[in-house]
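Here subunit A shows up in two complexes: once beside subunit B, once beside subunit C.
And now, the complex of A and B:
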């Protein structure tokens, strides 16, 4: 089954899958935390749009609720929380540069190929039309991990963590058309609570050791003194 | 008959390239609240340069003298096999899109050699910058082209356009990425803001202008004309590959008329988009260009990957 056999809505889901992967790459290359959060918000909005279209195609009304929740939490509330946190901690002018941006990008592309290879057997055994996107969702998870590895700022790690969650959610939407409502609600509030807890935690860290750069957290403060 | 049409189409291509440049200048001036020159100003500039006496530097060799002709004829040949108004013309069957990239490379090589030939500091600097940029832009362009070729199963432009027309509106993620990559490459290869500024002779930033600084008279006219044709070539590629609707598939008078009107409309819109990006973005540092072009390459690679992952036929075991 190739893309020309699908209807426009199913094609739109695949297109959004591609764009979600692109936002993951954009997050990898963004060195300003402010813009990183903005791209993360964009990814949340794209995810919500894909979920809403999937709900329309399948006529699953509960997916509309998850789409609305995704838009509200990942597109608006969490980015706003992170944005406020960055400004309060005075991190909005900090450049979290990567050492070899081109190498990281090519590594990311290799991760996409890897996730395609891994998901081949899964895809071969199912008739679901949107299942091709499962490789993309796996890639989003791996790219989120790559983001966490390459960055030094703790806020960027949180964004990477949240985008891993985005990837898992997208995998659930395209492979099984969403998890049960209870699970989804639970995860949504977990993520929200995680954002709040991270916020409190960051204020504590920056109050006690005066930085959010994780490279400097591996040293013992007392030994230095 | 078909050959006659093909030659006419090429002549139309060459003749209207300065018009597109004039249109872009007009829109840009309007957006910057300046008084715009006439749309026909590029023609007047070319005529003015053509009647002037060219001056040859003492240190110039034959490369300097022949380079404008080679650059111009390579660009005109490239224009001959890009479908402008109609597909299935005999000229487009001669060469495919990889040859097109080859012709661009040929023209660029001689321009670069001519820039170094006279031995001035500016010429060498411009040449080295041009080569740096093109060595990064060419892979991105080829990847975008291959993405298209994988969907259409051909590298022939005419057949690829036919394929896109016959399948109708399909939302292909790979085409969206390839379009983005090709647009970024276009800006870099035709020397527009934010990569290069065609309107300035500021020595620290210029690339294209630095190479042709020593040219004058009809040779300069030929090079300027060639770069206008190149800009239009990229515009026509983007317009006809990704939005081919309206191009003439048969050689009737009404179809050809519609083809001319549609390509004019598409190029006008693309020109406005180019100007908007020129007005909104500042020129970037030369050392940032590699980040810009590696993003273009990434887009093209993602286009190819998304073709394989999302669009290709699935094999059932």
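And now, the complex of A and C:
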């Protein structure tokens, strides 16, 4: 099936899926923390757009609510919260070191291929658009993990964590037209509380070890030092 | 009908009240009363289910059957006894200046918040809500791990949050896949995530999607069970948080995460018709069991020691549920009960021992039985019980697991026996000198409330000698539900 055979809705979803995967790669390569947060906000907005399009085409009113919630939470509130934290803690000039950026990007590309491979049996008898959606959302989840592994700054870990949530949400919207309303509200609530708790942690960490570099947190160990 | 709402309502009200009055003198008593009321409601619900069979409540949103009702009762019971211990303990911590009033308020409010999340995980019929409340349990406990604000505790809490957060996100992906599979069969609608609906239609769900979903669900909820290699958060969170937290984390949270996995396994088994889910659980369970038994030997911190023992026992239960025969399932359910009771009793005793010695380092804890005999005896009997000595209940349940394994997978029994032996040695090499060693100069007895400990241990002893009829009946019904047969 070639891309021109798809209807406009499917093409739009494919485009957004591609853009969301692209923002994940942008985050992977971005070492300045405040830009990282900005890319994350962009991903949130793209996600909200995908949800809104799905809502419009399929005429599911509850998807509009989740689109609005996503835009509000992932596009505005959480990025602003992180942005304020970064400035309050004086981290806006900090460059996070990325060891072997080229290898990280290649690893990311490999993860995308792996996601497609894993998703193949799932969508063997489904439409092309679902294959891409599930594969891309799995890739965004895995790329978020890779982001967390390669970074040292606690803020970058939080962005990675939230981007994993983005990937999951995208999977829910495109493959199943959103979860039931009560579940989505619950997830949104959890994400919001998690963001606040992360904020509390930034202050606790910087108060106790004077930096947000998680490499400094290595006191708990099986081996006595 | 009303009972199940009361169970959810009481901790909610308790959380709100204690968020305001948590720093007052009466906070400990309010906490105990809330838990006592919840226990009363749980017993009422249990009797109701015992008489009338499984029931749906609140427009199918809540579902109670014999499997979760006994866990609700167990959760309420351990929650109550731990709260009885936590009152004076937290008061002591405040007096020695480790806590401020504000943090005490957070502690009490989140204690109830955690109980609410646990009850919701157990009673909900919706797989999505189950995930939300499991994440809620993480959020409620994570700030309690860093309650003392030492660098170690902040590190432990951060590790707990990141590892469990990422881990449980995998379970959400699994839930989305589950919903995807269900929607193809059942059509778009709110019912497709209800466990009862999924279970009734399990045979029609796409096996390829469900097996992929189960992998994600097992990894996600398995992180919370503390399965190796996703266990790293568990010893840290247990050792750095306040002791009552360790008791309810070990006694309740791990059980409830395992409950979620077993619920998912029931769905996947119905769809696949093969033993894939069981084999995965057996593999992870056995690995956790053996690795944790070995790591017991390397510990220097008394709370870390017993958290590894928790991983070991959770591994054994996961293994037994994975074996899946009626006997193995019965044994796993029984082991859940005995382990919860014993382990929360041990953590309570350990908390007192650490307060007595002023440290959690095992080389500094000495001569407990001479300074304060009841703490010494409590620790000794608790360890004997958890190591699986007869006549305690843990022995009976471990023995049942062994028998069931011998029947279905005889070549795995030596591994189990080696693990049990290793764990026994790992616990006792530390225990001897802590209990019987020479007490350091100037060690004085403290005010300790140990009757919850001895109540738990007495119950475990009773369970080891004979399972009371109503409990056996529960276990039988739950076994029938999970494995499709009765243990003969």
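Following the convention adopted for this analysis, the second predicted complex is superposed on the first by the 211 of 225 C-alpha atoms of A that agree within 3 Å, B and C clash if a C-alpha of one lies under 4 Å from a C-alpha of the other, contacts with A are read in each partner's own complex, and residues count from 1 in each chain.
Assume contacts are C-beta pairs under 8 Å (C-beta built on N, C-alpha and C of every residue); 3 or more make two chains touch, one makes a residue touch a chain.
Remember, it's a predicted structure, so these values are computed and weren't measured experimentally.
In the superposition on chain A, A:8 makes contact with subunit B only, not with subunit C.
Contacts of A:97 after superposition: neither subunit B nor subunit C is touched. Of the two partner chains, subunit B is the only one that A:109 touches; subunit C does not reach it. Of the two partner chains, subunit C is the only one touched by A:183; subunit B is not. Greater residue coverage of subunit A by touch, when subunit B is weighed against subunit C, goes to C.
Looking at the shared chain after the overlay, A:21 reaches subunit B, while subunit C stays out of its contact range. Once the two complexes are overlaid on the shared chain, A:157 sits against subunit C while remaining clear of subunit B. In the superposed pair of complexes, A:136 makes contact with subunit B only, with no contact to subunit C.
The intersection of subunit A residues touching subunit B with those touching subunit C, taken from the two complexes, comprises 124. Residues of subunit C that touch subunit A in their complex: 61, 126, 128-129, 131-133, 135-136, 139, 142-143, 146, 149-152, 154-159, 161-162, 165-166, 169-170, 172-173, 175-177, 179-180, 183, 188, 190, 192-193, 208-209, 212, 236, 239-240, 295, 298-300. Across the complex, subunit A meets subunit C through its residues 118, 121-122, 124, 134, 137-138, 141, 145, 148, 154, 157, 161, 164-165, 168, 171-172, 175-177, 179-183, 186-187, 189-190, 193-194, 197-198, 200-201, 204-205, 207-209, 214, 217-220, 222-224.
Considering their complex, residues 167, 169-174, 176-177, 290-291, 294-295, 298-299, 301-302, 305-306, 308-317 of subunit B touch subunit A. Interface residues of subunit A, counted against subunit B in their complex, comprise 1-4, 8, 11-12, 14-15, 17-19, 21-22, 25, 29, 101-102, 105, 109, 112-113, 116, 123-125, 132-133, 135-136.
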